[in-house]
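Both complexes below contain subunit A, partnered by subunit B and then by subunit C.
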Partner chain A sequence: MSWLIALRAILHREALRFLGQRGRLVAALVRPLVWLFVFAAGFRAALGLSIIPPYQTYITYETYILPGLCGMICLFNGMQSSLSLVYDREMGSMRLLLTAPLPRWWLLLSKLAAGMLVSLLQVALFLGIAALWGLRAPAIGYLAVLPAAGLAGLMLGAMGLMLSSLIRQLENFAGVMNFVIFPMFFLSSALYPIWKMREANPALARLCEVNPFTHAVELIRFALYGQLNLPALGWTVLATALFSAAAVWGYDPARGVQNRRA
Partner chain B sequence: MTRLALLPLIFALPLQAGEIWVTNEKDDTVSVIDTATLTVTKTYPTGERPRGITFSKDFKRVYICASDSDTVQVMDPDTGEILHDLPSGEDPEQFVLAPDDRHLFIANEDDAVTTVVDTQTRQVVAQINVGIEPEGMAISPDGKIAITTSETTNMAHWIDTSTHSLFANTLVDSRPRHAEFTADAAQLWVSSEIGGTLTVFRTADQSEIGKVRFEIPGVNQDLIQPVGFRFTPDGKTAFVALGPANHVAVVNAETLAVEDYILVGRRVWHLAFSPDFSQLFTTNGVSGDVTVIDVADRAAVTTIKVGRFPWGAAMRP
Partner chain C sequence: MAEGLEISGLSYRYGAKSALDDIELSVPAGRFCALLGPNGAGKSTLFALLTRLFVARNGMIRIAGHDLARQPRAALARIGVVFQQPTLDLDLTVRRNLLYFAALHGLSGRAADLRAAEVLERLNMAERAQEPARNLNGGHRRRMEIARALIHRPAVLLLDEPTVGLDAATRLAITGHVHDLADAGLAVLWATHLTDEVAPGDQLAILHRGRICAQGTARDLTGAGSLQDRFLALTEAAA
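Right after this comes the complex of A and B.
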């Protein structure tokens, strides 16, 4: 029972935080929309990209980057939500949370679930706006994309938790942007197919292929067309498990990094 | 990768199955696409550089313009066997079968003539001098008027089929490629590849009614080169292939306004409807494939690999 109370409290706090910061929702939506309407328009691939699965015919660049931008929402939100723990730690509210008589992994998981739900809400809103703009997927895709984006949200949230256990001050968020978010986003299949990257630089293409964010994006991409990409699912689940384990380890008072530094 | 999406697709398949025959200009073959499974089921060899393709009324024979073999080939569509060749004049590119199911009107690009061939006696009935580089061919539904468009003279030549003589010549925009009468024969539409327009004429007095112009955001105007087009059976809509613009335009045939652009493969030449008119097949020359368009949704569904440089397309139920 107390487990559920903790889960509810954490979800409630995340919801309050999300609703309290209207600007955050707007910012979270404006970011991918700018990419969609400005960046994609600038690319002028109006003549179509060559056909790669799951697409069965020629697509415009806007259609290609749509799943990548869903991934971008999960990436930014996962980082933001998890790194807010750094703020909590600075303000002392984390001490209260971590003294709850519950396993720490449960508290972290609750935090992850809360962040994921916020990601899903943003993804749904974004896809809705894109559909109004004329970028539509099959109906079944809108159902299938939710678990896919949910898993992507969990994976990226877990990665954020892992990082947050290493970061002592919120000022380091800029560093996270530079060294984690941007490389992950650009070294992935979100903005360009990997075969195109391979033509330019095979080594970079290899990096794209091992980047878990690529697999999260491909999972979302296939799901949006009602298809399951099993390898992408496998890699995303594996990465989620590894990041979660690292986060639990990082927050463990006996072994964690924080403890040693404190 | 599991295709969860396949199940609903199976139920969405058209009830009336048929075939789309596509000529592959560089492969010297025809590819046969099954409209139910959307796969290439057969490939038959043809003469050199096959372009125009059309079926006899009973669909028991298929006529193929083998341009570089300087002949029109007659093929048995059940076996792919070439039954015989027809005299066609030099470099036949496009042709049209008269409503009598017997006379072929063939544009001879290099000779500036239109050749009329009797498919039963296999004899040339007439040769009519037209403009330079004739290409587009059309015949009115009553069979009384044949049209040849000439690429260099930039004209539509109106031929009286009873006398095999020209009775009118009308100017169109640069490099006319394809001509088609509306089902009620009241209008003639001609596409101009370099001019980037479609010109619509009133059949009764050969006067110009209007022009269709195209504009695709993000695509250079020079690349918009209308070639083949088809009317829906209700006559309300025309689908126009726009060549290297890689799009098919959806034109309201009453207002001549463009309502939609559909992204297809590279350098789209000609089009053919499925037997129930629910799907439209486009031949994409440079990308070597055929894009299938859902006519009701006005959206590309899938793209099928065929031979090199697919050009003409014809339907067989």
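Right after this comes the complex of A and C.
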């Protein structure tokens, strides 16, 4: 019972913080919206897309990158919420969390679930704005995309948590942007199909294929059209499990963070 | 000693560098123990070990009779902690901060509400409950953190340099209040580098370079001179 009370409190706190911080909410939405309305408009003419699953007809570039931008929201939010733990103010609250009389893995999973909840709120708002703009998915897709984006959010949050526990010198978020977020985002199917990348550079296409973010994006893409992409689900679940295990290992008081000074 | 804090044979290293070496310390219930040490003495490392942020390979920590290594959850449930670093969520109200922490200790609903009201009353902060924590001044933020550390009725209260950055009057008030908490039955471990926060009757342990170099009541350790002179003599001699 006390486990669930703690989980509920952690979720509630994160939701309150997110909704209370207007700037964070606006920033979280502006980033994908700029990509959608500005970048996609500019690239629409440059990039010809053939019909690939799950699409059954020719689609606009905006339609293509919509799932990728949902993934981008999860990527930024997952990394931001987890990596903010290493900075002073948040490290304090993480310490407080870790001194609670509950198993550490449960506390970390609760923290991940809270990050996922915020990702889902952002994705829902983003898809709502896109729908108002005319970029609509089938009704079933809006339901199916929630668990898909939730899983993507968990995976990316777990990755951030793992990084925050294992990497000792994260000077600032810009460093993480350059070394983690941008490579993951651009070496994925978020902005262009992998076959396009293969035409240009097969080695890079191979990297895209092994990038877990690609699978998260494809999971979201198919879910948005009411379809299940089983391989993408499998890879995303596997990556979530691996990243979570590494994060729990990293936050084990006898191992990972022990080398970090108090 | 069942309700107090016991540390024996505790050592800790950061790689090759020794941070704590064979620490022996007991704080019984109802006692205020000042852990006095200069910057870098190992106070924060000791607090990280006491709150299980780190785990030591050598030594034993017992909290209210529970071995922290063997029964970590039972032991952590009996600790209240105020870290040197502020740990308040400034965007949430005072009450919401308290309820969040209460929930981490398994308290919810009416029970948590009552406890929050009780500890705020105890710290003379009941009227601030609905304010965002951001509106509080430094002294009140610290008071709130102390209130929060008491919400689950711990047996041992740990405070790591809780008066850093506060003015003299506020420091005096907070120090006095925590002494009252010890008089009411809590075992208190108060880490500081400021000698004026130690009362003559307090239990005192002087930590320097990871070792306890003197221990006893402040009055006995000081003798006829001042605590500051004694502290400087001990830490400079050891240096």
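Definition applied: the second predicted complex is superposed on the first by the 243 of 262 C-alpha atoms of A that agree within 3 Å, B and C clash if a C-alpha of one lies under 4 Å from a C-alpha of the other, contacts with A are read in each partner's own complex, and residues count from 1 in each chain.
By our rule, a contact is a pair of C-beta atoms (placed from the backbone, for glycine too) under 8 Å apart; a residue touches a chain by one contact, two chains touch by 3 or more.
Please read these numbers as outputs of a predicted model, since none were measured by experiment.
Asks: Looking at A:S2, would you say it contacts subunit B, subunit C, both, or neither? Reply first, second, both or neither.
Replies: A:S2 contacts subunit C only, not subunit B.
Asks: May I ask you to decide whether A:A144 touches subunit B, subunit C, both, or neither, giving the answer as first, second, both or neither?
Replies: first
Asks: Just to be sure I read the superposition right, which of the two partners does A:G20 touch: subunit B = first, subunit C = second, or both, or neither?
Replies: second
Asks: After lining up the shared chain so the two structures overlap, which partner does A:V210 touch, if you call subunit B first and subunit C second: first, second, both or neither?
Replies: neither
Asks: By residue count, is subunit A touched more by subunit B or by subunit C?
Replies: C
Asks: In the overlaid three-chain picture, which partner chain does A:R95 touch, first (subunit B) or second (subunit C), both, or neither?
Replies: The second partner, subunit C, only.
Asks: Contact-wise, after the overlay, does A:V38 reach subunit B, subunit C, both or neither (first, second, both, neither)?
Replies: It touches nothing on subunit B or subunit C.
Asks: Where on subunit A do the contacts from subunit B and from subunit C line up?
Replies: none
Asks: Spell out the part of subunit A that touches subunit B in their complex, as residue ranges.
Replies: Residues of subunit A touching subunit B: 41, 44-48, 50-51, 53-54, 56-60, 138, 140, 144, 222, 225-230.
Asks: If you look only at subunit B, which of its residues touch subunit A in the complex?
Replies: So the residues of subunit B touching subunit A come out as 1-5, 8, 216-219, 223, 245-246, 263-266, 287, 291-292, 300-303.
Asks: Touching residues of subunit C toward subunit A in the complex: what are they?
Replies: Touch list, subunit C to subunit A: 14-15, 44-45, 47-48, 51-55, 72-77, 79, 81, 83, 85-89, 91-92, 96, 99-101, 103-108.
Asks: Quick one: which bits of subunit A touch subunit C in the complex? Just the residue numbers, please.
Replies: 1-2, 5-6, 8-10, 12-13, 16-17, 20-21, 88-89, 91-93, 95-103, 253-254, 257-259, 261-262
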